[in-house]
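There's a structure below that I have some questions on.
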Amino acid sequence: MRRVAIIGVGYVGFRSISPDLSFKELMFEAAVRAYEDAGVCPRRDIDAFVTCEEDFAEGRSIYNIHTPDNLGAVLKPIHTLPAEGIYGIIDAYMLIRTGLMDTVAVESHSKASNMLTPNYLIAHAMDPINRPLRFNPYFIAGMEMNRYLSESGTTKEQCALVTVKNKANALLNSSAAYADRISIEDVLNSEMMFYPLSRLDISPPADGGIVFVVACEEKAKVLSKKPIWIRGVGWCSDTPNLETREWGEAIYARLAGEMAYRIAGIKDPRKEIDFAEVDDTFSYKELQHLEALKLCRRGEAGFMVESGATQRDGEFPVNVSGGSLGVGRLEEATGLQKVLEVVLQLRGEAGKRQLPNVKVGLAQSWRGLPANSGAVVILSNE
Amino acid sequence: MSEKIKVWPGTPLTDEDFAEKRILYTVWEPNLKYAWDTGIGYGRYFAELKKGKIIGTRCNKCRRVLLPARVFCEWCFRTVDEWVYLKDTGTVNTFSIAYTDWKADRIKEPQIPALIEIDGSDGVAIMHLIGEVDPQKVKIGMRVKAVWKPEEEREGAITDIKYWKPLEEE
Amino acid sequence: MGMRRVAIVGAGMTKFMRRAQETGKELAWEAAKMALDSCGLTLKDVDCVVMGTAPDAFDMIHMKAEYLSDGAGAWRKPYVRGFLGGGTGVFTACHAWYHIASGLFDVCLAVAEEKMSSCMPHPQGAFFTCWDQFTESPLGTSLLWFFAWEMNRYMTIHGISERDIALVSVKNKKNALDHPCAQVAADITVDDVMNSEVMAWPVKRLDVSPTSDGAVALVYAAEEVAKRITDKPVWVEGVGWCLDTMYIGQRDLYYPKYVEYAARMAYRMAGIKEPDKEIDIAEPYDPFDYKELHNAEGLLLCGKGEAIKLLLDGVTQRTGRQPWCPSGGALGVGNAIAATGLMKVAEIFWQLRGEAGKRQVPGKPRRGVAQAWGDEMQVGTVIVLGT
Amino acid sequence: MPVEKITQVSQTKPWLGGLAPRAGEPLLYGLYTHGIAGERFFREIKDNGKFVGTRCPKCNLIYLPPRIYCERCFNGLEEWVEIPNRGIVYTFTAAYVDLDDNRLEKPVIIALIRFDGIHGGLIHKLGEVEPGKVNFGMKVEAVFKEKEKREGNILDIEYFRPI
């Protein structure tokens, strides 16, 4: 089967609001940059387009009505995945592997600031039988964190360290909206929201747009000096039901990771992968995901962050970009922000936060509340 | 296999099942509210509507007028070159006579929604309503003119034009 | 470079209903379970699942694919939802194809579900949340306007009468009498259509397909596996999809260029040069009666404006040379948007295997095309199947 | 000369909207049937104040809330089982804000209640207990509304309380 590479990236943002651009203009700007970066003309060179958006998050049903114009996809194959951005990369990867397409663009964006009732948005995703309870849906995160801490022995302080680390990492990322130098106490003393989840354990929303150009080997070698190869992909949905799911362990991430490792031929992920951008929608999620992805043993993630191993200069850097806690959570584009960071690092274009000698990176996403699914992609510069 | 299946799955309900409370259900009002950024193109389009003017943009590469105004040309995938004012007269491209509203309820007075090709745009149409006319007399190709709300009632929206009425050509 | 051959090996569907008691999950399970049973597979054999379901505003559940996943058989499996508005059903069929053709999986379950009745006060209300929120929806824009505009334009350009178009509705509702899952099968006349209540002229009540609840599922397998499962694999020969600009005023509605582009993509892959001759049966999308003709022209089954002649000559009847919508289509079986799209693919599957029961078209068809349309008169999705 | 950007804040404009085309028109809302399994589940609660589940003989799992299919093996489930209304707290949280982001004076304790030998459980609030006193594995029982007031939904259970 054909090898597939990312040959162009473009992004706009990431800010807490973006009133100067409509969502269409935001998509256009990100796309122009990605096509420029890849050296392609979308009208001539791109065979297919994939966008990742959710209708109610955008406030438009059948959102794909509004997509082709903004990407140069008019009268071309373009489809939407109401899914997380990494699923879009995977769809492009599959399309290219079939031999049907050579070059595919992937887009996702966030206009989270335009959604005025975000709690109700998540409540609207709940199983209707539970809706009459009218709970704030973040209770799910509180219950999950509680169970995870109890099962794994991780502490709230260790979770707080994740927020501290990621916000500090974001200080070196000029695209991050929520960079800050804060202390563990700041996190622990922030208002209790859903015990044991405090306000600073929750990633705040941000706006932004991200576009990738993905290509087959022959095209990638002609068009790009630094193609970033997609070595493995994986995705998985565990049960969506709150009642029957496992609360202590992120099984969807474990299975998605296993699939990606199998495709990439990775036996020992911690050794063979140099750094990772994993979902940190909530501080504890980063730890839970590191364990699920076998980047440490179960119950060890807390110690890993405590020992400094996941710091930028640590042995296994995690969320060097600042993650969602530092950059802001970008709705369906959250995973693409993680892929973006991995691509920039592998290209050696990450500026002040550049990691030395990195060859293989992993990006992982979670679908967000109340879902129980996610995706993984493993990238390499050789 | 189609012919081998005796009973196809599915349990249809009737309105009576609900009226007579034979069936349990949940009702949920989603309470989803938005404030969408209008951005550059629509922002100016609305500002001009408030002044009683229709504005589009032009792409000098494909030589098309883009309407409603937008800042990039979807066909050439490049930023457009200029703003162009258009007339508030046009030609009916196609129309309907609607007796039901958006939620499929009957309405008393039929509406005449139409696509109207705006003069000066080389045939680009916008969506709007036709009024002050016997519905049976509307034809494709009919000439129409915008009827604007009084200036003080305009709010910078497509509804600043009340509707379009037949144009008596001089 | 040769592509991996992919076959459809099983199919299942629920009844199409105005309002189902089943939840969306339960509908999805009923169809998916039936599809697996039909080819003797269990959930263990399934490597991945694709979901097709149109806007969340119908089921009134945000991220509804997540909610539906266990019903679709996605428990701890790779699972993703593809979306192209009304074109979703047939896109789902294409989506499943490339999951396997990519070489990542051998068996894929494709499920399309729609529970439109959850949307109140009327499922049609969901559509006003589709149009451009700045320049279109504030006019109180209704779904029917679009179809009325397109139908009017199509009739006027080609000089076609409402009466002639009504024959599509008569044909499809009659075909549906033989479909065990049909919601609005009926033996009606052209006069019945003409005399039905005008909703948005020229669209009358019987020109329109009903909103529906229902689900359809197909099982896909790679060549090696398919041959082991069945003696009668139905091969995916071509897939295509295409989306036009959202600015409806910037193009002419009389012809669906986007369907043509999608069809050309699928025909190129299938090696079809003369679709009017090389295709035995077709399931063009027929949410409105004129739409079958309009879409068939886009599918290049005849020239522009010529579809009406084929209809009047009986060519498109079930016993004709090239039957269109032998299932009964959306007009007869019901229009559970995404599920209807996949129902059309299932119909081609059953017809090509000679398993369509009373609906079976004569003469052992060996190649068929299914198509769906969607969005703001924008989407064409096409799949070509062959034996 | 390309068209320029917005350079003045006064030129930005939010366009308000929701689930109706214009202010004053009715909003879209959802009407959800409980489904085949859900109908029986809530009927039992409403009429008899009892929980019932369905059993998958193949996976040996009893589902609560009941399903008509097993999510693991996909077989249809037909065997209905009565489930005692006493369970344990599997995990819990104390919510300090409500759905409208209002800060609550007294947090609501929300828990997943699981039952012995049962796959699944019920999400509900805990009553008659202080936030600091809740722990994993705590035994609780359902408190139902009075029979006349029950409507056949999850609110027919008022809350779970410690035994």
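Should a chain be cited, it is by its letter among A, B, C and D, assigned in written order, with residues numbered from 1 in that chain.
Heads up, the rule we're going with is that contacts are C-beta pairs under 8 Å (C-beta built on N, C-alpha and C of every residue); 3 or more make two chains touch, one makes a residue touch a chain.
Bear in mind that the values here come from a model prediction, so they are computed numbers and not experimental data.
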Fill in: Contact-graph distance - origin subunit A, target subunit D
1
Practice prompt. Going by C-alpha centroids, which chain is farthest from subunit B? Tell me that one.
Written response: D
Worksheet item: Where are there more C-beta contacts: A-C or C-D?
Response: A-C
Fill in: Centre distance in Å when subunit A and subunit C are each reduced to the mean of their C-alpha atoms
33
Item to complete: Please compute the C-alpha centroid of subunit A, do the same for subunit B, then give the distance between them in whole Å.
Response: 36
Item to complete: Quick one: report the Å distance separating subunit B from subunit D, using the average Cα coordinate of each chain.
Response: 40
Worksheet entry | Per-residue overlap in subunit B, given as positions that touch at least 2 other chains | 11, 13, 23, 26-28, 30, 32-43, 46, 71, 74-75, 102-103
Worksheet, complete the sentence: Flagged in subunit D as touching 2+ other chains are 5-6, 12, 14-15, 17, 19, 21, 26, 28-34, 36, 38-39, 71, 153
Item to complete: Would you please write down the residue numbers of subunit C that are in contact with two or more other chains?
Response: 19-23, 57, 60-61, 70, 75, 120-121, 125-129, 133-134, 138-141, 245, 247
Worksheet item: Considering only which chains touch which, how would you classify the arrangement: line, ring, star, complete or other?
Response: complete
Response to the item:
Listed in rising order, the residues of subunit C that touch subunit A in the complex are 1-4, 23, 49, 54-57, 60-70, 74-86, 91, 95, 98-99, 101-104, 126-127, 129-133, 239-247, 257-258, 261-262, 265, 269, 374-376, 378-379
Fill in: Residues on subunit D engaged by subunit C in the complex (per definition of touch)
15, 17, 19, 21-22, 26, 28-39, 68-69, 71-74, 76
Worksheet item: Along subunit B, where are the residues that touch subunit D in the complex?
Response: 11, 13, 23-30, 32-43, 46-47, 57, 71, 79-83, 102-103, 156
Worksheet entry | Complex contacts: residues of subunit C adjacent to subunit D | 19-23, 25-26, 29, 32-33, 36, 42-44, 57, 60-61, 70-71, 73, 75, 117-121, 125-126, 128-129, 133-134, 137-141
Fill in: Residues of subunit B that touch subunit A when the two form their complex
26, 28, 30-43, 70-72, 74-77
